[in-house]
Each structure stands twice: as C-alpha cells, then as structure tokens.
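Structures follow.
Note that subunit A is present in both complexes that follow, paired respectively with subunit B and with subunit C.
Moving on to the complex of A and B:
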C-alpha cells in the first residue's frame, strides 16, 4: 500500500511538474532585455505595458525517473494563452501580473482503435504575480558592466490541479496544486553587439494536503542563458526596424518530493531546453515576438515532459 | 570641451531656449542605459556646439547621462528631459524631434 502511494505520487509529480516546466519554457525570453526568464519585462522608459501571447504545444511526451517514455493517458496537445500587465513604479522597478487560459486536448480512439476526433477542455491557470528591481543599471560608458536585476514572484494555486481532476485523461488540469514562491537574479550585458544574459531562479512550492496526504514538490532551480543580437537580414516590418534574434538554453532541476514528510524515492525532476526567438517592432509602441522552444534536449529528461512549443507574443507600451 | 551637467529645465524655459535658436533645432532624447542610443551618440562625436542640437536625457540620473555623452565625445547642450519626454509620449529611446518655430515634431513624422 505504501509502495503504491509513493508510486502514485511520483507519477502525479511527473505530470504536474511537466505542465509548469513546459509552460515556463515557452515564455522564456518572451521579452528579452533580461536574462530571459520572464514573459514581460519593462524597460526604464516604460510605465505601463501589456502583453498577450498564444502558444501551441502539439505533442507532449512524459518520461519516468529513468528517462524512458511513459505511456501517458493525459493530454497530448496544449494551447496556452497568456495575458499580462506590467506597471513600473520607477525606472528601476516594476510589477507584473499574468493570467493564462489553457486548452488541453487528446486524440480520442474509437472501439476499433482508429482515431475518431479530439476531446478537449479549457480553463484558467494559476495567476502569477512578479516584481523586478534593477540594482545595477547598464551604462553606455561602461559596456562590460552588466545590468543586474533581482526578481521575486508568487503564484497561488487557484486553478484545478491533478489532485482534484475529474477527467480520465486529466484534460481539466490547469494548475499545479501548490502555492509557489520564486526568487532569483538576472544578469544582462546589453551594451555589446551580441548581448549575453543569464538568469538563476529558485521556486519553492508550499506543502499542501491533497486527498489526505501532505505533499510537497522539491525546490526547482532554473538556469536560463541567452544570447541576442540584431539579425543580419536588414530592416523588416512596419517602420523598417531591425529584427532582434535571441537564442538560449534552459536547465530545470527539481529536488525530491515528499509525502507526509517522507522523501519520495526517484522523484527528482530534470529537463534541459533550448529556444530561439525573433523580435519585430510592429508600430511605435508594439512589438511581436515569435518563439520556438524545445524541451528535453541534450538527452536530459527525467520525471518530466519532452515537448516542442511554438508561440507568438505581442506587447504594447501604453505609457 | 566636455559636458559637465544635464540640469533640469522647466517647460517654459525650454520653450524660451528653442525660441532663441535658429530653426530648425534637433532635439535628441537619450539615456545612459539605452544600448540602442549608441549609434546615435556616436554620430554626434566631434559636432560643434553651434550645430543647433539639444540633448535631453530621459529617465536617467544626471551623472550617468553626462558620463555617456563624454564617453562618445558629444559636446552639445544637455538637459534633463523627463517631463518633456512624458509630455511628448516618448516611450522608446533614442527619439529625435525637430523644432520649427517652437513646434516639435518627430523626425520620422510624415
């Protein structure tokens, strides 16, 4: 019985962890001017900014503790829409609020084992509240001095999670089931022609009782490293602006989970990812970003999800 | 000659300054943290103070603005342009405006 519970918990963590690692990577560097770990960042001249994005994950492949693919009965495709607002209180600091709407779907197989359509469910995800403060501003007169930002965030577990799902294929799972607190540091060398950035964040999930068991996922450490520069393709788009290209890698490592204060064996999670994005200035205050992200690269996927994600993001400076 | 200050300037004093200058006057918004401003500042290196150019630093501290101008050898009159930037709806840097008889228009306005 104890073995069954621990195995069940490990599976739950693998699935739920996959949802949020996948979601976060698709948003990585959606607004670079940072190390690349935020969907929306405000530059010092921007006071109010809004962001909208749609991302498609056409295939999701879960892996177990040994990296082998799991036979998953969960969603095999996900569409995520995110809306975010950023408000600056000074040229150095700003808050953002983000809310997502997710559609999970899965191919339905008929009695004759032939595909007969797709089942889907939509719902809102957990909202996200974040703040950033630039402790060291970049300087044109000192190009090797990095911009250093501190960041913090909170994500309350409001959406339905795997722990209270009522769908046989978990199509109604839109949240993690755990309140999360995040803190980190972001460095960016924005004065060079090729701009490197790196962000390191730690996310702590608060222990929560689900179905009589006190569960707590391990601490998630995320490292994002990126490089960005102007694409050598000339000016493009309305207003003939240069296109900015950004590429980067992500590394997610989550420690072992616990159930009723006991470590769940083989519940650590690991996944590496890579992404590339193009920023196009559409109008005076608008920007569009196209991103392709791949999770599960370099052979590292443990208790997580391998996936490919395509996203389009739009941001407008209101003031 | 090095720039030594980018002091604050009230709107009415700025309007008076424009009125004393020969048309057209080029007004350039910049900031020390603005990587995109690099080429703009570089293009001003060595231009004489009589070239009818006014530099307005925006959302920046004075020391850093002055350091940026001196780093690129820009020797033009400089003022803190936060309030003027907000009034003109400047959301991105660098931005250039052209003043003719006190009327400010974006350089790329059609």
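Moving on to the complex of A and C:
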C-alpha cells in the first residue's frame, strides 16, 4: 500500500508538470477549486445535465486514534455507482440531486476452495441534494480576479449505517447514519490557462440517537487545493480533442465527536488525500472523466480510512 | 502570461514539497501489537452499587467469538440475582458499536452468586473499545464502562 502511495504521488507530480507545458491553451472550467468533490457540475450555458459514474475502491484501511492500521471485519472492496441530475436556475446557479448504489464485498475464506470466494451485498446510499451559486463571474479584463462560488448541500441519512447493521462483516452498511448539512466556498482563477483553485467546505452532522446514545460527529472541514490545465496530448489520429487535467490535494479534519452531549476524547479525525482527473469531451454534448484519488496519501490518518479510488464518469448535457 | 505560470508553478512546488515533507514525517502504519490489554481487576459502577470483575474466556479479538465471565458483587443496598444485565461493545473514539449484533447474557453459571457468562461479543475491528455494562436488581441500578483493547493480527 505504501509503495502504491509513492507511485501515486510521483504520477501526480509528473502530470502536474505536464500541465504547465501547455500554457498557451485555455479551456473553460466550472467549479474548478473543489476538483472532483462534486459528482456533477454545470457550466453557465448548460441548463440540464445528467451524470453516471462507477468507482472502485479496491482496498480500505481503517485507522485508530494513533494512526495505526486497524484489523477490520468490514468490507475490503467497494464499488459505487452514482447517478445525478443537474438543473440550472440561472447562468449563475444550479441544483444537483445524486443517488448512489453501493456494493460492499469481502473475501471469505472457507474450509475448502468451494466455500471460499467473495461475499457481497448491494444497496442504495444516502441521497445528496446540493446547489452552487456563482457570486463572482469571470472577467476577461481581470484574469487574476477569482471566480467565486458558494455551495450548500444536504444529505439525509436514509440508508442503513453501521449503527443498525446486522451483517457481521458490515456488508449492509451503505450510509453514514447522520443527516449532513454542507456549506462552503469554491474559488479559482478561471481566466488563466493554468487554473489554480481552492475550496473550503464545512459539513455538520446532526445529532442522532443510535443504540440509546445521542451521537454527534464533529464538524468536518475539507480544504482542497487544485490545479487545472490542458494536457499536451496529440490527436493520435482519433481527433484533436483537448484533455483537461485537474490535480490537487485534500485535507479533511473532523472535530471531536460527542456522545450524550459529552465530548469524546481522542475522537478527532484527520486524513489527507490527493487526486488527479482527466476530462475528455466526447461527441457533441458528452464528457468522460477519469479520476484516481487516494485518501491517506501523506500524513497521519487518524480515526479515518485510507483508501484508493478509481472512477469513470460520464455526463451529458441535455439542454 | 508569465505571472500566472509563475503562480501556478509556485503552487505546484508547494504541493510537491508538502507531499514529500509529510510523507517523510508519516510513521509507517503497523497493526496493533498482539499483546492484548484485557481488563483485569475490579471495576466499580459509577454510583458504587456493584463491583464487576471481568475475565475473558475467549478473546478479545475481532469477530464474534468473544466470551467474557463476570463476577458481580453487590454493595450497600444492591442485591443479587440481577434482574437485568446488558453488555454493549462500543468503539467510543469511532462513535459506533457492533450494529444489531448483541451480546448474549447467560446466567446458567450461578447468577445467585453473581456469576454471568456473556457470549457473542462482537468487535468489528481492532483498537480501543469499551464494554458498556448496565445492571439492575430491580431497585438498585449501576453502570460501568470497562476499556478493552482488541489487538490486531
């Protein structure tokens, strides 16, 4: 796993360098600062857009308060399919609704080969309702003036969580168990050929009673720093479609949880991640996005999960 | 266009340096050492109504095959046998328990003497756990939280 992380960082830095080579090429960028956090974002000219994606998390490592890896009986692989619809109410703002379908699986070691294999369960996750509003639009005359978007979201806890799981391997866990409210700001220099961006979001989980205890996770703060640009890729005889690369790092910090209104000592969470994604235009109104993300790529992973995630997303502008 | 390139380059270098620096400082994550810290000794309920002595028959380990024997001694006005004894494994720092998999309390040993066997204690992962124990004789109640370190491989 450590070897994989170093490879990932090396690839990340190498491709970051590739972005700078092509400073003469510019491509529009929407909601760039937050990188791949949103499943679906709309450009100002788009009114309705649909999205479908499949992501694979081939390995998950839970960690404790000291950062040590914990042995878990839970899933060791996860496949997540997400479907989303985005609707613009003005050139400045849009809503998105997203729903995921998750398949958790785990290797099962039986008495013989016939009894061994993988056990899996599928179920719907918590839906997501979110919106973005651009408070500062791009200005050709002022390329160093950042575009600024405000964002907000709500994720109701309707899926089964670890608190009401009845599977010994937690294969039936598809949700967080807490209603979540998210708000934040996303800003990026969209007029530049190489677009730096920053996003800051805060997610507040609502206190919920589980197993007789009123639980409330701490506030999650996510900071994302990203760079977007055009990759210097030739047409390879299949058409000169530009490829937009976005790379960046994320830092997640969650404050201490509380149980029955009392702070739980040593329950803070921390994990840093990195991501890189490639956007490719396909046909007239479709787009393909490939993303590789890793949580726990550097620093201590405290009370969290280190994981790697590969995803393929497709989006189509309907209007 | 030199200024934006310079700005972007600085950001990239900062990211690369941060990644490299943090990567070096990060300790290699190792599984929790196997020397389990069980919970020897006597634990007193928060109101001092009962003493609880706990011995692991099997475990603690990840999975479901954990069994513990409890010797419970009433203090003051508290009496035996207990009318109710509940045991809840709880991973406090992660804020979760073991879902709907609940421990089974058996009183066939000698409940009149305060000896109880609790099986089906399920730890979904290694690390620092608590056993939340609540007990009552119908009149006097007590509660105690006993820390348990569940070792990794």
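Just so it is clear, the second predicted complex is superposed on the first by the 272 of 319 C-alpha atoms of A that agree within 3 Å, B and C clash if a C-alpha of one lies under 4 Å from a C-alpha of the other, contacts with A are read in each partner's own complex, and residues count from 1 in each chain.
Here, contacts are C-beta pairs under 8 Å (C-beta built on N, C-alpha and C of every residue); 3 or more make two chains touch, one makes a residue touch a chain.
Since we're looking at a predicted model, the values are computed, not measured.
Because the two structures share subunit A, they can be overlaid on it, and in that overlay subunit B and subunit C fit beside each other without clashing. In the superposed model, A:45 lies in contact with subunit B only, and not with subunit C. If you count the residues of subunit A touched by subunit B and by subunit C, you find the higher number for C. In the overlay built on the shared chain, the residue A:64 is in contact with subunit C alone; subunit B does not reach it. When both complexes are overlaid on chain A, the residue A:138 reaches subunit B alone and has no touch with subunit C. Contacts of A:190 after superposition on the shared chain: subunit B is touched, whereas subunit C is not.
Of the two partner chains placed by the overlay, neither subunit B nor subunit C lies in contact with A:75. Residue contacts after overlaying the shared chain place A:267 against subunit C, while subunit B stays out of touching range.
In the superposition on chain A, contact is made by A:319 with subunit B only, not with subunit C. Of all C-alpha pairs linking subunit B and subunit C after the chain A fit, the shortest spans 13 Å. Subunit A residues in contact with subunit B (one complex) as well as with subunit C (other complex) do not exist.
In the complex of the two chains, the subunit B residues touching subunit A come out as 31-35, 37-38, 41, 58-60, 64, 67-68, 70-72, 85, 90-93, 108.
For subunit A in complex with subunit C, the residues that touch the partner chain are 2, 5-6, 9, 12-13, 16-17, 19-20, 23-24, 61-65, 67-74, 143-144, 162-168, 170, 189, 192-194, 196, 210-211, 213, 215, 217, 225, 227, 229, 248-249, 257, 259, 264-267, 272, 274, 297-301, 303, 306. Residues 43-46, 91, 137-141, 147, 190-191, 195, 239, 284-285, 317, 319 of subunit A are the ones that touch subunit B when the two sit in their complex.
In the complex of the two chains, the subunit C residues touching subunit A come out as 1, 3-5, 7-9, 11-12, 15-16, 18-20, 22-23, 25-32, 62-64, 88, 90, 92-97, 99-101, 122-128, 152-153.
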